[in-house]
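One structure is given below, encoded as structure tokens.
Here the chain labels run A, B and C in written order, and each chain numbers its own residues starting at 1.
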Amino acid sequence: MWKTILRRVLIMIPELIVLSILVFLLAKAMPGDPFSGSINPKTSPAQLHRLMAANGLFDPWYVQYWHWVVNLFHGKLGMSYEYQMPVINLIKQRGLNTLWLATFTMILTYAIGLPLGIFAGKHEGKWQDTIIRVFNYITMSVPFFVVLVIGIWIFGYALGWFPTSGSISPNANGMGETILSRLGHIILPGLLGALFGTVNIVQYLRSQVIDAKHSAFVKTAVAKGVPEKDIYRHHIFRNSLLPIAAFAGYSITGLLAGSIFTEMIFSYPGMGQLFLNAVNYRDYTVITTLVLLYGFLNLMGTLISDIVLSIVDPRIRVE
Amino acid sequence: MTESATKHETILTVKDLTTSFKINNKFYKAISDIDMKIKRDEILAIVGESGCGKSTLVNSIMGLQDPSETKITGEIDFEGQDLTKISEADYNKIRGAKIGMIFQDPLSALNPLKRIEDQIEEVLICHTDMSKQERRARVLELLDQVGIVDPKRTAHQFPHQLSGGMRQRIVIAIAIACKPDFIIADEPTTALDVTIQAQILDLLKDIQKENHSSIILITHDLGVVAETADYVHVMYAGKIVEKGNVDQVFNNPQHPYTRSLLKSIPQVDSESDELYVIEGSVPSLQNMPATGDAFAPRIPWILASDHEENPSMHKLGHGHEVRCTCYQDFYFKEESDA
Amino acid sequence: MSLIKVKNLKVHFPIRGGFFNGVVDNVRAVDGVSFEIQPGETFGLVGESGSGKSTTGRAIIGLEKVTSGEITFEGHDVTSHKDRKEIDYDQDVQMIFQDSFSSLNPRKRIESIIAEPLKNFENLTPEQEKIKVLQLMKIVGLSPDALYKYPHQFSGGQRQRIGIARAVATNPKLVIADEPVSALDLSVQAQVLNFMKKIQRNMGVSYLFISHDLGVVRHMCDRIAIMNRGQIVEIGSREDIYKHPKHLYTQRLLAAIPSTRVADRDKDRERRQKIEKEYKEKQKDYYDKEGRAYPLVEVSKGHLVALPPKEALKYKDIKEEN
């Protein structure tokens, strides 16, 4: 099994190289140069030319790419044009906020989605199932941002239960208060994001449970005299939850995509918001770094899913 | 108890059993008028083509149908209990412990994510108070009993790592784990190659002899019946149309359906190019006639007056029984042409 | 001249593995199979699951890539796709599948399903086409009102007959029937087999009849090849195979068929177990170290058996004397 995992990790290397080359070329293709914006207006074109040459801007692309990669590993990602600070610091700060929100959303998604999916599957065709499915169809048919806007309007403005912007209250002092304030800021966006995220899980898990329920091996278990609750515990749940567990990795992608909407609407200073702003202000260094990061996280997500799947499913496990 | 007393002991009695399925909020009879008995130490084959209700019959005995979609009336008497009336908890004490079941497709009958030993052990956990060690030892013993060459190795494997024949041996090991008196085998060899089929049938027969148990064997294969069974019930359109011992049914078949079926088998010595074809087709659940002989439309050259309004079983002696009076006047169409 | 000649056909599937997922070995699904089918004859290919019988059929019609070997149809080499296009091979060779339901397009009416090969290969006016479709339906015993129905409205036996009607629509010379009746009930099976025989009588088509059911094969086939582990271990007339089986595997296969002769069942069982025991003991004699069968030797006219070298010698001597 270690061999499988190692092979899977090795496969990621060329993927990463291709991704980084694409991002690098994207960065090169963007208009402007790193100096025009920050130099003295009196600098002569000849001086500028010399400055660019000194920084290797006229080297062949692969040399430049190599320097870029080396810098990447040293955390030298360049300066943000808009925020006037190193991109690495900016992303550290924003990334942490997004990590908070994304983790919280993910926990909530599974905490709501798993029981609902199992419950719906178990009561297939009965009223409990119908209610869950109606809820699902409604959520599926309403665009995500509409849910967010309605949510923020009701619980943020009308009821005033939750803050409607920011990631932490500026008045929070001390460890306890800081954590509480952070939580307070992510409850509403997290809950709404989770509500949306559950749809797929509920739908998928429901059909998994129904499939398992009607499978021949469950019939065998009944014929063995296994009580119903044990059949659910040992056969149906286990068999339907494993693929879900394995797909957790893939859901990283969905979370990142979702965070762009959520952070924008909640003015939550995370990576998603940073990305949108960077696009708005043509903050190229930030854009390229984020594209690279998103790409990397995506690959990681798939990697995690593949590894988990190979661990939990004996049919895939290579012995 | 003496040998002869055990020999005639009735294990299961089914009386006037009807099972109906709900389709679009209406109940349709899948099987009806089922009366049967199975005695200790015998193999009873239930034979018929797809849709005749043979699987419904054993699923009804085993209580495997979804109660919200099914209606069962009549009696299934097993060791003094009526299985149609007992609670699910009581049923669970019987299933696996006193009645073992073997299924058609051994791959899907096993949980793909569980090791073989866990799947066999589960039935021991449910019905015995053996310790973990005892259970593990019993698993190895069972694997050996069903002819697995390397029980230790196989115990740790997953279903997909075994061949079809080996998987079916595992399913059999599960069925006999608690030494039940009674085993239901639903098309146990249909998914297997013919050489493996022979081995599995031999194994079933050996187990049945060793444990002095009884087997209900569901199959569509007349050859399997002729080679394995002691008694035969032939089913058509949800009803038993002929009962008898294997010699009576194969060498002196009475019901037109039994006779037609046997005639349509490609014969060894027959030089004829044409196989015998039964006209028409099996009625679907929704189109099952409420009265009259369900087989009558497939032998239209037999007069309506030869059939009964409500076909009943007629005793022919020595346990041979046939449904409907039409057997008395039945002839094959080409016999009249000749 | 034989209609089709298969010479040393091999179909190997690569097994990937190892660290770089390279080809580490091959599954020798079909491993050197040779036979000929004469015009108007039914040739049976029999074996258990994994014997390579279906792969052989699929390779002949072009559904499987041929690793090596040669297929000649009426004297033309048709091994590669390019060769097949030069003659009317795709029209002359048709196939019937076991699972007729999944091979019929569920969204098409029977009329267009049967007419499809006609459209591909023959230029007919809509009227001519319809007449031809009705004729074909009559041949397989379907009533004209079935014309506008969809596949799901038919029973298994009827669908199989639709599959046959489609297969013979272009007047093919060879029909490859892969387990055509395995999914059918006994009474329905009889009907489908009767139609296949009737079509052969009327149209002179040859069948490559692939099946695991030795009873059905005996009824249908003139000559039969027994396949095991991708190779033919015995080939001969129906009489040769059923009355004088020479290869241990053939004997084992025949002994395993359950018979309806109730009176002989104890005797049959004894014989079967005896052969099974013999098979376990002597199996190694019949296959070489790599598990391959030995070359076929002719034991009587047209009856070829993959006998162990020692036994094969006897027959070679006789042949040379003659």
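One rule holds for everything that comes next: a residue touches a chain if its C-beta (ideal position, glycine included) is under 8 Å from a C-beta of that chain, and two chains touch if they have at least 3 such contacts.
Just so we're clear, the structure is a prediction, and the values are computed from it rather than from any experiment.
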- Message: Applying the contact rule given earlier, which two chains have the most C-beta pairs between them?
- Response: B-C
- Message: So, comparing C-alpha centroids, which chain is the farthest one from subunit C?
- Response: A
- Note on the structure: Between the Cα centroids of subunit B and subunit C the separation in whole angstrom comes to 32
- Where the CA atoms of subunit A average out and where those of subunit B average out, how many Å apart are those spots? 54
- What residues on subunit A touch subunit B, complex-wise? 215-217, 219-228, 230, 234-235, 238-239, 242, 312-315
- Query: Which bits of subunit B are touching subunit A when the two form their complex?
  - Reply: 62-64, 88-89, 91-97, 100-101, 103, 105, 108-113, 122-123, 126-127, 158, 160, 171, 174
- Note: in the complex, subunit C contacts subunit B through residues 48-49, 155, 157, 185-191, 193-194, 197, 212, 214-216, 218-219, 242, 252-253, 255-263, 265, 268-269, 272-273, 276
- Note on the structure: Contacts from subunit B onto subunit C in the complex sit at residues 49-50, 164, 193-195, 197-199, 201-202, 220-224, 226-228, 246-247, 250-251, 260-262, 264-268, 273-278, 281
